[in-house]
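Pasting the structures here.
Both of the next two complexes hold chain A, though its partner changes from chain B to chain C.
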Partner chain A sequence: MAQGSLRFSVSTPFRDVWEAAEQAVRQLDGRVEADYNGRLIKGQVSGSLLSSGQRVVVTVGDLGIQTEVSIATETVGFQLLDWGQGRRIREKLRQDLMDYITDSPPVRATSLAGIPPRTGDRVADLANAPPPMTNPAYATNPTIAADSVSKFFGQKVAVSSVSVSFGPGITGLLGPNGAGKTTLLRMLSGMLVPSEGSVTVLGRNPRQDHEVYRDVGLVPEESSIYPSMTGREYVEYAATLAGFTKPRLAASRALHEVALEEDADRSLGGYSKGMRQRAKVAAALVHEPTVLLLDEPLNGTDPVQRAHLITAFRRLADSGHTVIVSSHVLQEVERMASRVIAMVDGRLAAAGDIHAIRRAMSDIPYRVTVAAEPARALARELMGEESVDGVTIAGSSLSIETNDLSALGTAVPALAHQLGVRVTGFSPDDESLESVFRYLVVGR
Partner chain B sequence: MTSDQGVVFDLGYQPHDGPRLGRRGAIFATIRDGLRRILGIRRKARKKVMPWVLFGIAIIPVIAVVGVSFFVEDVFTGVDNPFASHGNIFTITSSTFLIFTALAGPELLIPDRVEGVLSVYASRPMRVNDYLGARAAALAIAAGGFLIAPQLILYVGLASLDDDGWFSGLVSNASDLPKVLLAAFFYLLAYGAPAFLVAMFAKRLGPAWGVYLAFMWLSSGFAVAITEATSGIWRYAALGALSINPDIVMDWIFGRTTVREGLSGADLDPIWSVAIILGLAAITWIVGVRKYRSLL
Partner chain C sequence: MTATLAIMRVTAKNVLGMKRLIGFGILAIFPAGVFTLLARTATDINRAEGFTTMSMTMFLAVIVPIITIVVSASVLGSERRGNTLSFLMLRPLSRFSIAGAKLASAIVASFAITGIGAAVLGLVGSLALHDFGFLIALLAATLIGTAAYSAVYMPLGYLTERSTLIGFIYIFIWELAIAGAIQGLSGTSLLRIASSAFVGLAPDGLDIDVVDAMLGSLEAGAGGAVMKVAVLGAVSILFTGWLLRTRDLT
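Entry: the complex of A and B
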C-alpha cells in the first residue's frame, strides 16, 4: 500500500471553473483510499485555496511520489488548464471536476481509514471524516508554493519533483553543496523557469506577473554589487528600481537595519565580504518586501554581524514576513529557524520542526549520554530494557542507543533510584540539527 | 517651573509613505543608471575622460564649421555651403559615435552580468524586454548628444545666417529635422546593435571594445576588398561593410550622391543597407531576449 494523497492544481481566469475547483476542494477534504489499476493508494486529501483576482490555485493535499502524481492527474483528467485554449477545454475541465466529485470510481471512502463505506453521495461520507493531517512540507498560510518542481540542466537533475510551501516566519533551507538549494531558491524567486511543475509567490506566477516583485526581496549567492557605487548609492538604486520615490530615506532605514550606516558612503569595492553581504541584505530589504529569499546571507560575516543579521531576520519574521534562509551554517539556522526544509541530491529529504524530523527517523536509534556513578551497574540493568538497543561504557558516562527516547527518560531515573546510582547528566547526542542533517545526508 | 517627569517617545519604524512607481519607475531608474555609467557621472575622473572627450570631438568641429560660415558668409552667397551640411556633419560625428558605442555598449551590459547584479533587476518588477530596452534607451539618449546635438547646432547656426532672418531660416530648414532624426536612428541601430551583441557574450570590457571595433572596421575592410576584386553576385559582399552601411543610408536620406570608396562598384540599392541594419538589430534583440531570459 502506498502512502500519499491526491493533488491537483487549476489556473484559470474563469469564474465557473474557479467555483467548480473550489467546490471540489471543499468536498474532498477528508481521508480517502484510492484504488488505481489494482493498486491501493491510502492517503490524505486536504485542501487549501489561494486566490488572487481571478487566478486560482487549488491544492488538494500532497503526493509523495511520482506515480501518485500521475494517478491524480489521470483520475481528475487534467493537471493544468491553459486558459487560452477556449471554451471547449473549460467545459471539459469543469465536467472532469464534477465527475471526479460525484462519479469517479477509483476514489472511494472506506472503513479501513476509519470512515464509513461510501453509500450514495460521497460528499456526505467525507463530511464525517477526521480533520486532515497537515503535511510538514506545507506551510499553514503559504505565501510561496512549489508544486512538483523539477529543474534539469541537460542530463543533470538539479531539483527533482519537489513540492513544498513556505509561510510567515523563518524557514531554513538546508542541504550539502549541490543539493539543489540555490536552484530551488532561484525557481522560487522566479529567476529560473522550472523544467516541470510550477511556483507561485503570493498566489501569482513570478515569471508572468512581475509586479509580485514589489513584495519580494532577494539576496542572491553571487556578488551582485557594483564595486564603483557606495553602499548608500547601491541601496538607493535598489529602492529606485523598486519604484520608490524617496529612495534616500528608505536606503537610510535599510542601512540602519543591517548596521551599515557608518560605512554607507564608502565604495562597495572597498567593503569586506561581510559588509558586502550586509549591503545586499539592505538592498533586499529596502522596498519593505513581505517575502525575503536569502541565499547564504551569513557568508563571510563575523559573529557580531551574524548575530545582528539573525536578529534582523527574526524581527522581520515576527512581524509576519516570510523569510527563507538557505545556509550550510547549521548552528545559525538552528538559532533562527523553527522550521527547516532539507534537500539532498535535488530531492526533498525532510521538512518541518527539527525535533519532529528526528523523531520521524524511527529506523535510526537515538544516542543519549548519561553521566552516572557507578555507571556499570546502571548499564547492566539498562540492557534489560525493551527501549535500549545498546550501551557503551566510557568511564563514568554511558552512551546509550535507544529506540524510544521517552521510555528511556522514564527508565533511567527509576533504575538509578532502585540501584542507588547517582545520575548527574542525561543529554540526547543527536537531536541537534547537525546530527539530523548528518543522518539525512550520509546516513548513520 | 519645570517638571521632574520624563518620557521617551518610540519613534518606531517609519515605512515608505511615497507612491510606488512599479515597472515604469524601474525602467526609468535603469535608464538613468545606464546614462550615468556611460557618461561617467558619479564615477571616478578616469571614467569621465573618454565619453566627454569624444563628445567634445563630436561637437567642436560643428561649432567650428558654423563659426567659419559666419566669417566666410559672403563666399557662399547664392550657393549652398559645401561644408555646413547635415550630411557632412554626420560623416564627422558618426566616427566619434562609433568609438563611443564601442565603450558604452559593453559598459551597459557586461558589469551587470559579470558582477551578478542581474539578480537585482530580476527581483524587481521588470521583464527582460524592460531591462534590455532600458539599456538600449540609455545608449539612444547618449546617441542624441553625439548625433543630434551637433546637427541642431548646425541647424540653429545656419538659420542665423539666413538672409530673411533667424526665424525664417529655422522654418525654411525645418524639413531637414526629420531626416536628421531618421539618419541618427539608423546610425544608432547600425553601431549599437553589434556593440550589444558583443557585450552580451564578452566577459571583460577591454576585449569587448577591441572585438567590436575590429568587427566593425574589418568587416568593412573585407567588404570593400571583396567588392573591388570581384563582380556579379559577389557585389553583395558590400553589405558586409557594417560601419559604412549607415553612411549609405544617410546619403540616401539626404539625397546625397557621395561615392563610398571601394563600394561604388557594387551599385546596390540603399534599401539593402537598410535591411541589413534592421536585420542585425532584430537578431541582436532576439539573441538578447533569449540569452537574458535565462539570466533574469
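Entry: the complex of A and C
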C-alpha cells in the first residue's frame, strides 16, 4: 500500500461493500498529516467524510490554516464477472478495505492554502480529482429520506435499519414479496410510524406536518377506493381535500393523464382492477405533487394501460418530480427506473444504477415460463441456444433456465416462427427473482 | 365545497347505505307505531305513561344508542377496513379537523335516522297529549343523545372492529342494568344525559315514575346535558386527532 494517499473509487450497488468503503473513509478522520516547510503537522479532518468523499477539509490547528486536501492514490474497484467470482471479489474487496483500515499509515498531503509545495511532494490535484465517493443508497438532491428506519409488528421485523434517500427522477423499489417495500413506502408517506429512525419528506416530518401532503401523492397497493363513487367523484374528492377551488377542472386534467376520461362517470365498484389502479393514480396526481409514491402501480393493468402509465410516470420524472415505484417485477421497474433500491427480508440489499444490479443478477440463471403449442419442438430447438441452460417440459408449458434473458427473448419468437409453434405466454418466474434477491443477502 | 363539507358528504353517503336506511328507519319509527296502537284505546293518563315509556325506555334508551353506535363506529372504522384511510389522511388537513369533520358526519348521519324516529314519535305523542312541546323536547333530546353516543363511538370504531359489540354491552349491561340499578352511577350514563334534557325541556305531563326510574340521581335539565355533550365532543375530537397523529394509519 503506497504511503501518501488513498483514493477510494468504489463503484458498487452492494450495501456490504459500500459500507466497508465508508468505514475506511471514516477511519481517516484525524489521521491526515500535512508537510509544511519540512515540519510535519497533524491535521484534523472536519465535516462529513461520507458526503465529501475524497475532498476533505483539513484544519491545521496551530497555524490557523484551513485547506482542502484530496486523498488519492489507490483505486479500488471491481466488477462482477460471474456470480461466483463476483462473490469472491466482493469478499476480497471487503477484506482489503478492512486490512487497510487496520494497517495503513496516516494519509499525507502537502497542499496547504497559499503555500507552494516542495519539489517531489505529491500535490493533491483538486481540479482533476475523481468524483467524490457516494453511497448509492443516497440521492444527490434528496427530496425524501429515511434515516435508519425500522418497523416492527410485534415480533416480526418488517424493515430493519434502512437508510436511503430519493431525489428527482424515477427510483425503483425492488424486492420479492414480503421484502418490506410496502412497509418502507408507508413509512415514507407517513402512513406508518417508524419503530426506530426517522423519515423526512421535503425536509419535514410527514407525521407532524400535514402541509407536506400538498407535495406528496401516494398510490397504495391496497384498493383504497370508495366503490359507490364514480371515477370523477373520487378524483374530485381528492382535489377538494387538497384545497382546490375548482376540483372538477383538476380532476378532468388528472383523468386525462391516465386516459380514464371516457369511463370517469361510471361507478368505481364496476371498474376493472386496471381501471381502479388508474383512478388511484389520477387521485394521487390531481394536486400535482412533487413527490409521488407508487406501490405496485401497474398491478392488474393490461399492456396498453401499463405503457400509458409508464409514459405518464416518466413525464413526471422528466419534469423534476420524485417518483418512487415499488414493484416485485424486475422487468417492470427496468422499464421505468434508472436507479434502483433493492430490498430483501426488510433490509437494503443493493442500490444504484439498475444496469449494475441487473448485470450482477443476470449471472444467476433466470427461470422463464413459456406457454407454447407444441412445446416439445420448441424445447428441442431451445436446447441448442447458448443462452439456454436447461428446459423442463410440463404439458404445453416450458420452464426455461437462461443466463441471458434478452437473448432468450429474441430467440423464442424467432424459433417459434421458424417451427410454426404458437407461443401464448412468456413470463419470467418471480421465484427466480426472489432467489436472486435472497442470494444477495445470504451471499454477503 | 370545503374539505370539511366534502368529508361530511362522502362519509354520510358511505355510512348510510340503502339497506341501512330502510332497516334503521323502520327501527326508528317502531316506538311511534307501538304508541299509536296503545293510544287508540288508552285514557289520557295511560297515554302520558305510554309516551314517557316509549320515549325514555325504548326510543332514547335503546333505539337511539343502537342506531348511533352502528353509524358512528363505521364513520372511521369503515375507512380503516375499506383501506381508504390513507386516501383521506394523506392530505394537507390537520388531523383534528379531520376528526371534527368525522364527528360532525357521525352526528348528522345518525340524526338523519334517529331524528325521523323522534319526529314521528314526538308528533304522535304531541297529538295524543295535546302539546307540541313534547315533539320539540324529544327532537332536542335525541340530538343530544345522538351527539353523546357519536362522541364516544366514533373513536372507538377507529380503535377496534368490535366497537358495535362493545356498544351493545354498554347499553344493555352498563346503562340499563348496572347504572340503572345503582343510583350513584347515573352520571356515567350517556342515555341519562339525553333523558335529563328530555325531561328538562318537556312540558308537564310526563309519567313521574318512569322519569324517576330513568334519571336516577340526575337532575333534569337541558343546559347541563348540552354542556356535557359539548365536553364529550371536544374530548372526542382531541382524542381522535391524537390517535390519527400517533397511530399507524392502516
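The rule is short, and it goes like this: the second predicted complex is superposed on the first by the 225 of 444 C-alpha atoms of A that agree within 3 Å, B and C clash if a C-alpha of one lies under 4 Å from a C-alpha of the other, contacts with A are read in each partner's own complex, and residues count from 1 in each chain.
The definition used in the following text is that a contact is a pair of C-beta atoms (placed from the backbone, for glycine too) under 8 Å apart; a residue touches a chain by one contact, two chains touch by 3 or more.
Since the model is a prediction, treat every value here as computed from it, not as a measurement.
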| item | value |
| --- | --- |
| Clash or fit, chain B versus chain C on superposed chain A | clash |
| Which of chain B and chain C A:H210 touches, first, second, both or neither | both |
| Touched partner set for A:V344, first chain B, second chain C, both or neither | neither |
| Touched partner set for A:L249, first chain B, second chain C, both or neither | first |
| Which superposed partner A:Y237 touches (first chain B, second chain C, both, neither) | both |
| Partner chain in contact with A:P220 - chain B first, chain C second, else both or neither | both |
| Doubly contacted residues of chain A, that is, touched by chain B and again by chain C | 189-193, 210-214, 216, 218, 220, 222-226, 228, 237-238, 240-243, 283 |
| Residue ranges of chain C touching chain A (in the complex, touch as defined) | 1-3, 6-7, 10, 13-14, 82-84, 86-95, 245-250 |
| List of chain A residues in touch with chain B within their complex | 189-193, 210-214, 216-218, 220, 222-228, 233, 237-238, 240-246, 249-250, 253, 283-284, 287-288 |
| For the chain B and chain A complex, residues of the former touching the latter | 13-26, 29-30, 32-33, 42-44, 47, 111, 115-127, 294, 296 |
| Partner chain C, residues of chain A touching it in the complex | 186, 189-193, 207-208, 210-214, 216, 218, 220, 222-226, 228-229, 237-238, 240-243, 247, 283 |
